[in-house]
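Here the chain labels run A, B, C and D in written order, and each chain numbers its own residues starting at 1.
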Amino acid sequence: MYDPKPEHKFSFGLWTVGNPGRDPFGDAVRDTRNPSQLVDLLGEVGAWGVNFHDNDLVPIDASPSERDRIVSDFKKALERNGIVVPMATTNLAYDPVFRDGAFTSNDPEVRAFARQKTMRAMDLGAEVGAKIYVFWGGREGTETDAGKDAIDALKWYREALNYLCEYSMDQGYGYRFALEAKPNEPRGDIYLPTTGSMLGFISTLDHPEMVGLNPETAHEHMAGLNFMHAIAQAIDADKLFHIDLNDQKFGRYDQDFRFGSEMIKQAFYLVQILEDTGYSGSRHFDAHAYRSSDYEDVKAFARGCMRTYLILKEKVEQFKNDSEIQDLIAEARADDGSMDPHLGSYSSEKAKALKAYPFDRSALGKRSKPYERLDQLLIELLLGAR
Amino acid sequence: MYDPKPEHKFSFGLWTVGNPGRDPFGDAVRDTRNPSQLVDLLGEVGAWGVNFHDNDLVPIDASPSERDRIVSDFKKALERNGIVVPMATTNLAYDPVFRDGAFTSNDPEVRAFARQKTMRAMDLGAEVGAKIYVFWGGREGTETDAGKDAIDALKWYREALNYLCEYSMDQGYGYRFALEAKPNEPRGDIYLPTTGSMLGFISTLDHPEMVGLNPETAHEHMAGLNFMHAIAQAIDADKLFHIDLNDQKFGRYDQDFRFGSEMIKQAFYLVQILEDTGYSGSRHFDAHAYRSSDYEDVKAFARGCMRTYLILKEKVEQFKNDSEIQDLIAEARADDGSMDPHLGSYSSEKAKALKAYPFDRSALGKRSKPYERLDQLLIELLLGAR
Amino acid sequence: MYDPKPEHKFSFGLWTVGNPGRDPFGDAVRDTRNPSQLVDLLGEVGAWGVNFHDNDLVPIDASPSERDRIVSDFKKALERNGIVVPMATTNLAYDPVFRDGAFTSNDPEVRAFARQKTMRAMDLGAEVGAKIYVFWGGREGTETDAGKDAIDALKWYREALNYLCEYSMDQGYGYRFALEAKPNEPRGDIYLPTTGSMLGFISTLDHPEMVGLNPETAHEHMAGLNFMHAIAQAIDADKLFHIDLNDQKFGRYDQDFRFGSEMIKQAFYLVQILEDTGYSGSRHFDAHAYRSSDYEDVKAFARGCMRTYLILKEKVEQFKNDSEIQDLIAEARADDGSMDPHLGSYSSEKAKALKAYPFDRSALGKRSKPYERLDQLLIELLLGAR
Amino acid sequence: MYDPKPEHKFSFGLWTVGNPGRDPFGDAVRDTRNPSQLVDLLGEVGAWGVNFHDNDLVPIDASPSERDRIVSDFKKALERNGIVVPMATTNLAYDPVFRDGAFTSNDPEVRAFARQKTMRAMDLGAEVGAKIYVFWGGREGTETDAGKDAIDALKWYREALNYLCEYSMDQGYGYRFALEAKPNEPRGDIYLPTTGSMLGFISTLDHPEMVGLNPETAHEHMAGLNFMHAIAQAIDADKLFHIDLNDQKFGRYDQDFRFGSEMIKQAFYLVQILEDTGYSGSRHFDAHAYRSSDYEDVKAFARGCMRTYLILKEKVEQFKNDSEIQDLIAEARADDGSMDPHLGSYSSEKAKALKAYPFDRSALGKRSKPYERLDQLLIELLLGAR
């Protein structure tokens, strides 16, 4: 019943199930598996897709022949597991070259190198069929703002994205770009820190139609923001191109926990808006197993991400079909149409009429909403108690 | 030397120096002063402008004749103090009618009432010369998302702003709208929580050219975000129409402390970007005195906001003229032009050349930046130790 | 099945169900009900106990005869509803006199007044049978630390508590004191901000045996801390005298939401530790209904607090009886006793033996724990999916 | 003038100036220097002391002879630079063996190994003269609480500390233990998350007199707490044995920035309380240079920590000697002694008199404090503008 199927479009990054458990205070705890082994693991747990950074697949110092062999092995693994590559991205964070940024580095040679690296990574993604290309600017930021010009940084960032949009079109790759925001870590502050900031930024690009968002639960939670609201804005603007599902507590380091494992109610709202609005893209899990896990537990982690999504999806249906809940919603959203003449678009006449309308402010202020009742029913539904 | 002058464009809200000190756990501690008295107080401390919500000036239940008398008294106070009204706004938060929102209330009658109240408030603002009209949607949000549709809410919000844009044009008021984001409080979560979200939202409006931002330090700090970065994005998008200066610690309730009183370095960066980019709007202080203060201390509070701004402005100049600092910045931002062929806009030829360019990645990764040195000099400059 | 019974010891403050919905940006939205009416409401929803601040029951300016009439009415209401008063406390926050603190005010007259007010409030609590006396120092803090001495403040705080301990003993009231921490709001920073700080403070008092803790979910969540861990420390130190149950998101203003309505998993852990350790005190709900609610919804809010507790309590049982879960826990906590000689208390011989013990560090580092499996089962249990 | 001198007791960890810049998203950027080289670097910048984790000095897999050679080289480096070792500690975080904790690991063999490793590290510290022994339980925590018992964990933690206290006494090492709290990272939640929690915990130990605190700025800032207040509580309890100075923004990952580089006012308060109370221990900087730095910049970082401390120390003096500031403080703290009979310790007679004392509550509520004036003067003093 909660088994993943291809139509659910569940995908994982190579870096997620392949995460060896290194952290700022500790060494790797799991042996490193190669991309083909990881695809087999994903096949075993029932994933539909796999995504990667260029260097998850091909080491940064691989020779052309090594690259070709690795890609060939990877394609075979994809085929034998029936797994697709919906998305690819560039690692612009790990190598020391990016210590002061990539597209926004103060060093023009680094900015140029970041473009080169991305073009090559786009080639690689296209070679295996990726149609979404993600940009996460993890190093695009500062620890001190004394040495950088934040406006120049935005200009450089924009130039790079404009350039790469044209590269994609020129090559006929058909990519749609998905921008991913994060407030901080690994930089003290990262530019364009929230999904909203990215949306504002997109409207300043040369090709806004081919650029959308890749919001991530954990990144919005780091800033203590309501992730579903961010997704609503993305959908409202028709910019939800991809999504990174995981979980974490507010106001913390980047925890990247299993989807639905920390803030259950918030995860429900998220699944609800994705399902109710017919989101048709990947359900990508950008998380990793606890450092205490071995690979058996990594599989449990991956299965858990998908199962929890499907359990919540079922609850979304249940919510829709619960008449007590729906009655309360109907009560909360009652609209007898009498205000229609005063809402909607503007005209001078409408404004005149509205300005003259005699509202009974005191009576209006006494109108309540049954939100405690409704929210309690939701909690009971989530807990399986109705 | 640090005395406020009209060209500094320092303004305060009536609600700031007039704040009586009520809070969620305590009663008012200062007597209520009427608008004319508050304008006199602002005149005494040397402010240039005063801003207000409709009901800061005219009580919500005032009769037309009371309204006219109040406005007349207020204009006299403005005149005798040489104070202008650069901005006005609507109180869509205080009255119980807005307990579930204003433009996004589930109740269509409240949504209509919010438009009516805003039109009347725009009339009032125009009557005293305001040219900026601020929208802070303090009640536009939720405690539970079970009973509201976040996408409908954005649609309703947009419709209201579109309508009010047209009202302004229809009346010839010449307003520019400035949207103010806040992540939460008084609602559990507020829609469009960050300056970035508002920027993304503006691009979906019918008249984006007349709508910009009113970012507030404290609101961005509540989400733990770098406020200067938000201002940089606003300036980059040519949308910094107004600004609310104050201060507070990250991840807290809305503290609205005296400008520059909590996070000094961050305040410096803010003044720096405003001054260096030639921001020409109001420097509006949206803060209030501690609850322990009497009106003498309220004046000290208001004077302190302006003095600290001017002290930091002087430090911005000093920073620009400090050769050791500027040398380090020049080192950090060195560009010999050799990468010019690989940067800027796209062409197929450029892409081909860049993809073939032999970067020495290892050497590039060893290049460091003197940011500790630079940041230490900034700290010493801020501390008056250089 | 989830109906509250006296043995569950569910209590509410008068200030919770009686909260009229005033907030920093808005007016009251519900009419004020008197204490007897609120006790009737609590009787209707099935509460066991009611708690109060002195001025929740008796207005600060009541005459002695008014006081006596109110108390008499209140006792009748208690009797007719079969409701007890397990706890009382003092309002040292609302009156302007406390604008710079109560026991730690810089004004010695305020410090003395705070003691007087507390003694009288202790008399009142004793009169209606309260055995727990709570201290929440909501105004004990600062906005600026320039004008206060934080060490003196602790000294004054301690002196006041020592004094009041002796007053209780002198009067034969039999109170146990329960200290409640909060990090900030309404003060910029509050002294002794976490449950841990309070525990440290207790060990410096003259009568530590009669002073324990009253931890509150929302207050610990404001600082982003794991509330169950705080409760574990309180229980470990035998200091869990009382508890304030509610909910809220991390890093926010004081939200005081319905118990279990925001962070479900965390609420489960909390109920689990209370039930598994046999906590025998009140389950006190220190929360209030949304501002959108009327009194019908307030009742739903109160019922919801209790129902969710009971649903979670049932899940605690289920967790204990789920063999798959218990097997994983047994695996995670396996102990074959072979290390017993090296653990426990110290002796020179044991230390010598342990220093010489040949651990196979590499093998130990490979041992994993099945925490992803276990946590996923917990999530499924919480969701009613097992 | 701001040159470090031995009497300032400035110390650094080997891990601070030796930090190679690895982070969760990126590789090392600086070459690794050996302990002797790092001591030379510290000598060059003028530090007084150096501290270390066992494996900062001796690799975990060093043979006995390698260990002896390393220690010998290190001692020579100490001698030639005139540098002392005031503190030592154990690395119980890095090795995979500690992936589920050290003293609180569910695995009894790990718990035993952690004790063994600590005893050996204590031997090493004693060998080079350390008198303070720090415990930071970075892995003592959970990602999920489903598989651990938080009360058992505290019990195990306590047993380990009791055991190690006795080991120290048994060996005659004369150590004083200093416990360091942190709320999270690298674990999802860390037990005993704040300085206050640690203080509470100490009172439950067998030898509380030999155990105190090592509070760290960044760790308390992660939870958004006022660090000076934590230090005040530590001093009040006579438990400030050591301190870790650094800086970071609230509600973030562990940033460990240069002392005084983020929150200047808070750093001032900290220096003020340390200097004004005559704290005589190390001023230990537990920070590291930005990842963009080379070793020249690392030196600037280290020098900057000390210079900023000394600049702030000078400001503490200036604050004490500023008559306008001191007059305002005197006003804020005025005490004419008239309340003396009602304060201090308890007696029945005093209580009777106090209960009968006729306070003029209304007049008291009107008394204000000049905190805005005072705080503004502090800000101007910090900015060098007075």
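FYI, contacts are C-beta pairs under 8 Å (C-beta built on N, C-alpha and C of every residue); 3 or more make two chains touch, one makes a residue touch a chain.
Remember, predicted model here, so these are calculated numbers, not experimental data.
A.B. asks: Could you run down the chains that neighbour chain A and chain C together?
C.D. replies: Chains that touch both chain A and chain C, as defined above, are B, D.
A.B. asks: Identify the chain pair with more contacting C-beta pairs: C-D or B-C.
C.D. replies: Between C-D and B-C, the larger count of C-beta pairs in contact belongs to C-D.
A.B. asks: Using mean CA coordinates as chain centres, what's the chain B-chain C distance in Å?
C.D. replies: One centre to the other, that is 37 Å.
A.B. asks: Indicate the whole-number Å distance between the mean C-alpha point of chain C and the mean C-alpha point of chain D.
C.D. replies: Here the centre of chain D sits 29 Å away from the centre of chain C.
A.B. asks: Going through chain B residue by residue, note those that touch at least 2 other chains and give them in order.
C.D. replies: Expected reply: 29, 95-96, 99-100, 143-144, 184, 224, 249, 251-252, 261, 290, 292, 365-366, 368-371, 375.
A.B. asks: Would you tell me which residues of chain C are touching chain D in their complex?
C.D. replies: 60, 95-97, 99-100, 106-113, 115-116, 119-120, 143-151, 153-155, 159, 162-163, 166-167, 170, 181, 183-184, 189, 191-204, 222-226, 228-230, 232-233, 235-237, 251, 269, 273, 277, 325, 328-329, 332-335, 338-340, 342-346, 348, 351, 354-355, 357, 359, 361, 364-371, 374-375, 377-378
A.B. asks: Could you list, by residue number, the parts of chain D that touch chain B in their complex?
C.D. replies: Chain D reaches chain B through residues 2, 29, 224, 249-252, 258, 260-265, 289-290, 292-294, 296-298, 300-301, 303-304, 307-308, 311-312, 315, 365-366, 368-373, 375-376, 379-380, 382-385.
A.B. asks: For a test of understanding, state which residues of chain A touch chain D in their complex under the given definition.
C.D. replies: So the residues of chain A in touch with chain D come to 21-29, 93-96, 98-100, 138-139, 143-144, 184-186, 188, 224, 249, 251-255, 257, 261, 290-292.
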